[in-house]
Amino acid sequence: MTKDDTEAEVMIALCARLLEDQKTAFIGFGMPQVAAILAQRIQAPQLVQVFEFGAIGPTPLTPFVRNTMGGPSNCYRSIAWTSMNQIFAQAQIGLMDYGVLGATQIDIYGNVNSTMLGEDYQRPKKRFPGSGGANEVASYCWKTVIIMMHEKRRFVPRVDFVTSPGYLDGMPGARERAGLPADTGPWRVVTSKALFGFDEDSKKMTLLGVLRGLAPEQVVAEMDFKPLVARRVEELPPPTEQELRILREEIDPARTIIGRTAKA
Amino acid sequence: MDVLESGVGEFRFTDPDEVRSWMRTHKGREFVDKTVSEAEAVGRFVADGDYVSFDFSSFTRGPLVLIREIIRQGRRDLWYCAKFTLMESTLLAAAGACSRIDVGFMGLGDTLNRAVEEGKIKVSEWTNGTLTLRHLAGAMGVPFLPTRALLGTDTLKYSGAKVVKDPFGGKPIALVPAVNPDVGLIHVHQADVYGNARCFGPGVSPLETAAASKKVIISTDEIIDHDDIRKDPAKTTIPYYMVDAVVYAPFGAYPGGLPGVYEMDFEHFAGYYAQERQGNLKAYLDKYVYSVGSHLEMLEQRVGLARLNDLRRRATVKEGYR
Amino acid sequence: MTKDDTEAEVMIALCARLLEDQKTAFIGFGMPQVAAILAQRIQAPQLVQVFEFGAIGPTPLTPFVRNTMGGPSNCYRSIAWTSMNQIFAQAQIGLMDYGVLGATQIDIYGNVNSTMLGEDYQRPKKRFPGSGGANEVASYCWKTVIIMMHEKRRFVPRVDFVTSPGYLDGMPGARERAGLPADTGPWRVVTSKALFGFDEDSKKMTLLGVLRGLAPEQVVAEMDFKPLVARRVEELPPPTEQELRILREEIDPARTIIGRTAKA
Amino acid sequence: MDVLESGVGEFRFTDPDEVRSWMRTHKGREFVDKTVSEAEAVGRFVADGDYVSFDFSSFTRGPLVLIREIIRQGRRDLWYCAKFTLMESTLLAAAGACSRIDVGFMGLGDTLNRAVEEGKIKVSEWTNGTLTLRHLAGAMGVPFLPTRALLGTDTLKYSGAKVVKDPFGGKPIALVPAVNPDVGLIHVHQADVYGNARCFGPGVSPLETAAASKKVIISTDEIIDHDDIRKDPAKTTIPYYMVDAVVYAPFGAYPGGLPGVYEMDFEHFAGYYAQERQGNLKAYLDKYVYSVGSHLEMLEQRVGLARLNDLRRRATVKEGYR
């Protein structure tokens, strides 16, 4: 991370680079939106963004307007405007290539917790907002990308509550046995320091790349479990000048999203 | 088709024949003027203990006028359906109006999360998609619909869904029970006096919410001629016989926006966030709900025409919203 | 029947009189359409017609255009245009007061056959077009009206094939036991000679009225089963001058529907 | 949730994961020009033995141009989905193109009925509503949907539906299996070259048919700019990624009508009825299909511009159809 990049800018840039042009991508609220717009402005002008309230293929106006996911700027010049049941049907039938989600906590098998900490569901130690549409996205989309701050407390051996399914207990075919669509699951985890995938056999989170200037050990030290490490860990370039310019000048000049840093 | 797993969450379920019987006797097919004030609509159609559903979002085309009126009238023990929910669930909880929540997404800020931690609010766990699917089941008059979401998760465990073996293909599949809310609250762009209503832009589930709910209150930014409805029938989102009351409420979605008509009020939300973080929503409610007698009074005395005009001016993108 | 009324005109007029203003009515193809338009022109101007392809509340233009059920004349100035799944959902949830259907064959419990005659489903003695949307209408609507030519071969003790449900075997609660919506079922059968209802207890077809000039015995003689007969059988006036004028001059001057007579 | 009853009818069912896999690999998300002639579309996307579905009706907005091309190319052993079907199922059967029918409504005239009596066509029994619901299940990616129709009837017995005990309310309910047709044929008012398509007016199930089908051929009366689609996204009935081929075919619904654009050709249908009653559909097919090389040639040589102009002139009701 160059000295003045925020953690949010790093996560967003790394995430945007993963999204291919002329693919469909189910986009969650907040940071995933900014990443998708950035991807559209660089390598994926015809990325078909899809939102859970039913907009398909918008070309969002910038500056990005925080909160109004359903408003005119964000839904500008869509291909179709539908509804939630319709758009999740399309995801369920296999039409969505990517899903991009934020998360509060994740474990080694990519299970995501955005519901609660503690043992007693009715009296949690800490309560979070819940699934939103994340459970559907993580269940239905072909390749799910999870984007999160790189903080130790967020990477835990086993999440207290599985809000959205990763590879469950990691046993071969665990998702399919549960009835989830075949050949789906978390594909990448993007953080402010690194990029992870999942091992094909063990389904364990695997370090694929680290931000230029960081060592794999530094990244792993800030996780509460030990991920697998790829034979060759890629060096991830920090946000380019072009990426930063577009983020800072075009998409989010008020820095409501890109200004975020880890609380830890 | 054995039941392989059952969630332990409590859930609202009404036998489809009981729903039908309600629809037969309470949903009038008469063409009568249903326009009433928000006070009368909430007074007549929202009772303590009701299961309440809402569309679409507090930021976009939400019936905030009705939410505030529910709070103003002091309703208690509502069971709130938090699908694509944000500010309004938080306000209802802060006002002590709701005691149970079906969680899709919890709210705006930590107020609700703390209320759950303290045991003041009971919750069942769902998702935005499955809560919306439950409304579709309710709108179709069937007891359940199948989904491949929820499976394998704790979300399912704390929901009311069941997992069965699909008798056609043999794989496990989740069934979510229909929900037929006691009250559905929907803000629309246009409605005639009978309740034929139009929403423009994408939306979560205005039709499913209206069709599934036993009592439906529409708030609308415009009243249009019935004849206009008949000139463009493809634009009708909700037919009149699903609707019990029509509340004429310009800026009814305020502080959220109505696409193509007015933008959300960012400054207002900034103030809300600040008070929410300070745990001072009482002051917020005092200012915008308790100290004013109506939506009109709130707009006039707490927002002002200059701000309202500005919000309309900012809504420059009109394409597709008419 | 006055000398120059056709059987179709009689059936249509008798059926139209049953439809109340400001009610919803699921209307089948052909004769039910003409009856619904006639009702709108006389006592039920705000009858909300509903068609299975999704039109709600049209005010059809006349002359009536045979066949183009989905065309602009028939769907003119509707309240809403939707789709088949949507409109059957509304019927299933109990929003449709009436269903009006034609039928090929009916039995004493109001079960309707529009599928086939014979024993072997794959090699019927005579095959008919099948349910269309009639099964749904007969299952979901509160009061189903069946409109048919009064011919002996059409009123049989037991239909060869139950296409659309009447009171099934006539046992109390038979429909509910099968899972059909409670308190539904055939309400009236309108023919070219008579009007029938169904006995509340036995669920048997019951003669309620006969066309002026006919005796109940004449009507029953042209049925292959003996219906119950109401204590007081009403005399049904033949089509009025107003009804005939509207049918002949406004609705169907080409007589494509109202010109039909029994083949027997 | 025991199975209480199972229909004996044969039915097409595809495992939802197999459908998903197809949708992943065959439904391109690329923005490519998909316009082709009807000959190329049918040549590439309709194979002998395919399960074929159609929308909406032979009288109104039906893809008759594609039906005639299928007959012209001599397809065999199609399994035809006769939901809201009329002329086109009869023509397919008369031409020997289909050998199985899922019956909603059989056809126009007695030709098909006789073919069933003679054992030339195999049938399974459904209804317009349940066949359309099967498409909705296919479009949702779930293996079945529940319905309170069919119950208690022989229609259910000769269908592929199953009756189960609802695990929530305890009453019997019918489940219909999803159908994912090999080919969906849909005529639309407008489409762009990528396949984003608009239908105006009520319709049976254009979206469900497009979403459920593995291969989708759109025929369209107009080609519009992609930019026009983006100016009014609420008008899009079918998004491009569901579509495999776009056939530009003015009067593609002929002899049926396209609401707001041209009326059906009554004289043509009168001639059809006469030939059908005489058992002489061979002559009809010779005239309108086999003896002409294309839809364009048929219109020019068998219908003529004067008649076409007249059909357009008669379509005076435009309200709502744009």
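A few notes on this one:
Letters A, B, C and D mark the chains as written, and numbering starts fresh at 1 in each.
Here is the rule we use: a contact is a pair of C-beta atoms (placed from the backbone, for glycine too) under 8 Å apart; a residue touches a chain by one contact, two chains touch by 3 or more.
As the structure is a computational prediction, the values presented were derived from the model and not from experiment.
Of the two chain pairs examined here, A-B and B-C, it is A-B that is joined by more C-beta pairs in contact. Chain A and chain B have CA centres that are 28 Å apart. Centre to centre, using the average C-alpha position, chain B and chain C are separated by 40 Å. Between chain A and chain C the centroid-to-centroid distance comes to 57 Å (mean Cα coordinates, whole Å).
One simple way to say how far apart two chains are is to compare their mean CA positions; for chain B and chain D this gives 37 Å.
Touching of two or more other chains is recorded for residues 55, 75, 77-78, 81, 92, 140, 181 of chain C. Residues of chain B in contact with at least two other chains: 16-17, 141-142, 147-148, 171, 173, 201-202, 207, 231, 233-234, 319-320.
If you sketch which chains touch which, the pattern fits none of the simple shapes: not an open path, not a single ring, not a star, and not all-to-all. Of all possible chain pairings, those that touch are A-B, A-D, B-C, B-D, C-D. For chain D in complex with chain B, the touching residues are 1-3, 13, 15-17, 141-148, 162, 164, 166-169, 171, 173, 175, 177-178, 200-202, 231-234, 319-320.
Note for the complex: chain B touches chain C at residues 16-17, 19-24, 27, 29-31, 138-142, 196, 207, 211-212, 229-231, 233-234, 236, 239-242. Those residues of chain B that touch chain A in the complex are listed here as 56-57, 59-61, 82-84, 103-107, 112-114, 116-117, 119, 122-123, 125-130, 132-133, 136, 147-155, 158, 163, 171-174, 201-208, 257, 259-260, 263-264, 266, 269, 315, 317, 319-321.
By the touch criterion stated above, chain A contacts chain D in their complex at residues 22-24, 46, 48, 55-57, 59, 75, 77-81, 86, 89-90, 92-95, 97, 140, 142, 181-183.
Touching chain D in their complex are the following residues of chain C: 51-55, 61, 67-73, 75-78, 81-85, 88, 92, 115, 121-136, 139-140, 161-165, 168, 174-175, 177-181.
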